[in-house]
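You will see subunit A twice below: alongside subunit B first, and alongside subunit C after that.
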Partner chain A sequence: MMNKTGLIALLLLGFAGLYPLFVDSAWLAVGTTFLVFACVAFSQDIILGRAGVFHMGHAMFFGLGAYTTAILNVQFGWAILATWIPSVVIPMACAFALVAPIIHLRGDYLLVATIGFNIIFIQILENDVFGLTGGPNGLFGIDVVHVFGYDFSSQIHMYYMAFILLGITLFIMRSLDRSKFGRAMFYIHKDDIAAQSMGISLRYYKLYAFILGAGIAGAAGSMFSVQYSAVSPEAFNVTQSIMFFTIVLVGGSASLPGVLIGTFVMFVLPEVFREFETARYLVFGVAMILTMILRPRGIWPVKFGNIPSFLKKGAK
Partner chain B sequence: MSEYLLEIQNVSKLFSGLVAIDNLSMKVKKGQIYGIIGPNGAGKTTLFNCITGIYTPEIGQILWKGKDIKGISPYKIAGLGILRTFQTIRLFSEMSVAENIMSGRHIKSKQRWYNGIIPTPAYFKDEKYQWTKVGELMEFFNLSLYATTPAGDLSYGIQRRIEMARALAAEPELLILDEPAAGLNENETIELTEMIRKIQAMGVTIMMIEHDMEMVMSLSEYITVINFGAKISEGVPSFVQADPKVVEAYIGSDEEDEDA
Partner chain C sequence: MHNMLLEVKDLHVNYGAIAAIKGIDLNVARGEVVTILGANGAGKTTTLRTISGLLKAASGSIVFEGRELSKLQAHEIVALGMSHSPEGRRVFSTLSVEENLMMGAYTLKKYDQATLDWIYEILPRLKERRKQLAGTLSGGEQQMLAIGRAIMSKPKLLILDEPSLGLAPVLVKVIFKAIKAIAKSGVTVLLVEQNAKAALKLADRGYVLELGKITHTGSSEELLNSEVIQEAYLGKKK
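For the complex of A and B:
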């Protein structure tokens, strides 16, 4: 059965797959960054849109992945490939260690705490703790991926690596949504008392969301550092966290198309309107406010009712 | 092991000065339908919240098969086989009826932590089995028609059925119903009564708060009457109905809304 959404998805996939053939290098870089940011936005959406946890420090996990690859490569000479696993595992471990003690906090309190983590993270980067992070300038000269003597160094390579990463992310999102883990997150989000009364541990599933989200964001961060062959603190500050948070809410919490649209609106549109300089951010602010007033559940809201077809037979 | 499934022993629950439950004791036998009645604000819901771990009573013990479960978190209580419905319906209202009932299958699901990331053959088998169970429950509760409808869009009576289906999906040993007939019309109440009998026949023990006297008297094997948090009477329905203390409590409390 090919429905409308499926067709749109297929067209989009085709477009995204062929995109590098039609654009110049500046737009290719925009495309790559879009793919990377979409991964981060999806990982934010696991925590915010699914588990319903107000988390506004996601750029920290993105940054942890980026800096893990950068530090291991630049300071310790690891091959990029070898940094992939640590760039996923370290953000996950940090998510567990940092979030477990505060996971019981109510929405608004937790939000402030996650912002606090992000601020401390930036302080650590800027102060060049242990002489590893390169201070305010960050680190540069990050290597490219080498496999069997072949260098994946061109922007086209970067694009397709990001493309694969987004594919993996979407696969995980789909698996999550169709498992008891994704559903448990929704139940907690919609009514935590009812969810607990059905035997669902708030703590376990919220932490699960954070750890999974941090891992995906870390992988995206690693990709990001290789694409620009440099990292610096401002790419991972609270303003970036606010952007990821906003992408999810503007696009549509827990909605795969919604989050893609959100990433497009919040990240690609500003590139399109580049010549308007800072005035473009004014348009944005207005767009954010209007979306929340006119479409409070996002531009493309999530649709529930994703149940096996044999149960739909008797339904009207 | 004790002959009782659930024993409430001298439980008291205070809310900043207010004694919501006052030295209450009761014993529920396996397979029983146990009724709890009392005027508005008597503390009935608070008692259920103490049993299900939403509140922790300051004093007393709550024994489940002889073990104290006081203060255990609600999700672990559900894991023990104690499931409930709510007086003010608490469904996942944006989600479909089938997804709502699926939440009850959560504790029965054998999916492993990595199945949230990657499906495995065991996952597919489990997922199919759980949805099949959901399908059976929708049939039992006459909900198949609404499988894909958001629960919040349905009528009160149907929503009450969804809540019961959801709790039953977890295959409880003890099902706790807080005013299951509230807001139902006469026909729906008759259907509900039948439904509760069938659930009992499956071997599920039931505790029920209910203001609909006809229903609670016909269903319950044993009843405890609470007023101002304290027990004022207990016994079989015919005894409780005739107890002057019960009659007085109800007259004294302007309990006119029960036949509304």
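For the complex of A and C:
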């Protein structure tokens, strides 16, 4: 029954599950951050790759989640566990409030507006609004997760928490592929006029994509802040947003393996070539350009499957 | 009085500062086939898109079955029973023919097998190709698919934008035959065409649109026999 893709997925899963046993702490941290960034990249993919909305401010939602956990824990003394729900809900609420008024903008216009949001977000963080964000230095000393007197404080714990988070994210992405929402986004992406004339609301589904994406990015942000026990504004600036945007396009829009490969290429490879210092980014820029020329649909482009079975239920 | 399915009154549509539609009135009665004729840039597509909510009117009213549409979104209008097959076909090329058709029933809880069978009956070419990807169809077959997809939502009013655009004459015949069958089944049809002769042969009534205004209207017979129309749209020399 197992096909080739399934086998590759299983091997990858096995590798990812056992990875912490074979590496030192520096590489373990890289692995954890890879898992977190992959979650963010998937959430960017919901908006960019599936709904087809040019959104270049995703680091803001990632940062909102991270800062929600950091502020509630450091400034107000909440347990990390208790900050999880707000770190998902607050980015979602912000996505709704900020994006709803501009969702009718098209392509490049919307892209510029989302960059604007990201810039304002960084300004708010750096200027220490209400004395909560810690200014340009950010916040330090974020706690670890405690459950029933047990501390999940080691790097290995961090890795497996991120691993579970990515598992949940992948489950959401898979469900999306098979749901009415996912199909509606696909139709909008392919041809918005045709989608509208079929009775699909552009506004509703594009906002849905943003809100879902912001929620996942917020959860990943919370994980990120706990892993490094610190947050600072530069981790969530426009450059980071560009990275998430690029991951999706280089890897392959709306493709699960594509987004994972994109995250690997854009984040892990630079770590592998750390000894070349900044020269590695030159290679990197060239690699991005080459990918777009040689494989314009990404390294692992998506293949669209069949219409979901529930839509076929009327058929005999 | 309410045998009118669609009533458009004093409709104005602007693109920025440019007035594209300058106050038109038109109505479509239940069961009728009505065509809008006009040259390129006359505002035919703009009119249709405004009726189906893809564009917003600057002023005027659009009433469908007694309900004002100008404040509604395109997707809500589809759910009321108006289906628009847009210009340029716009089928989903990475889906199969049958999947495209099923997609047309998006506003229904599930698609209707009888409607699907009926579409295959009036457009048998689609049945032959039903497992094929829509992107691999010829232009004429894609147009058949676009029409079929539009009737999968079981509309009361079917809006067709230039179904004969860029098609070989033999395929135009097939398309018009299918539209005739659709109209005969009780679906009201509003048709925009540059192929004036074919459209008038099929339609009960017609409107002629020039630079955003309706210049002529009448039964198809009147329009076919009118000197002005013959010169401007039917290619008859003075």
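FYI, the second predicted complex is superposed on the first by the 305 of 316 C-alpha atoms of A that agree within 3 Å, B and C clash if a C-alpha of one lies under 4 Å from a C-alpha of the other, contacts with A are read in each partner's own complex, and residues count from 1 in each chain.
The working rule: a residue touches a chain if its C-beta (ideal position, glycine included) is under 8 Å from a C-beta of that chain, and two chains touch if they have at least 3 such contacts.
It should be emphasised that the depicted structure is a prediction, and the values quoted were computed from it without experimental measurement.
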item: Touching partner for A:Gly182 - first (subunit B), second (subunit C), both, neither; value: first
item: Which of subunit B and subunit C A:Ser201 touches, first, second, both or neither; value: both
item: Dominant toucher of subunit A (residue count), subunit B or subunit C; value: B
item: Touching partner for A:Leu294 - first (subunit B), second (subunit C), both, neither; value: neither
item: First (subunit B), second (subunit C), both or neither touched by A:Leu21; value: neither
item: Overlap of subunit C and subunit B interfaces on subunit A (superposed complexes); value: 183-184, 187, 190-191, 193-194, 196-202, 304, 306-307, 311-312, 314-316
item: Subunit A residues touching subunit B - in the complex, by the definition given at the top; value: 172, 175-176, 178-184, 186-187, 190-191, 193-202, 208, 212, 304-308, 310-312, 314-316
item: Partner subunit A, residues of subunit B touching it in the complex; value: 52, 54, 73-76, 78-79, 83-84, 86, 90-96, 98-99, 102-107, 109, 111, 113, 115-119, 123, 127-128, 130-131, 134-135, 138, 144-150, 166-167, 170
item: Subunit C residues within the subunit A interface of the complex; value: 52-54, 73-76, 78-79, 83-86, 90-96, 99, 102-104, 106-107, 110-113, 149-150, 153
item: Partner subunit C, residues of subunit A touching it in the complex; value: 183-184, 187, 190-191, 193-194, 196-204, 304, 306-307, 311-316
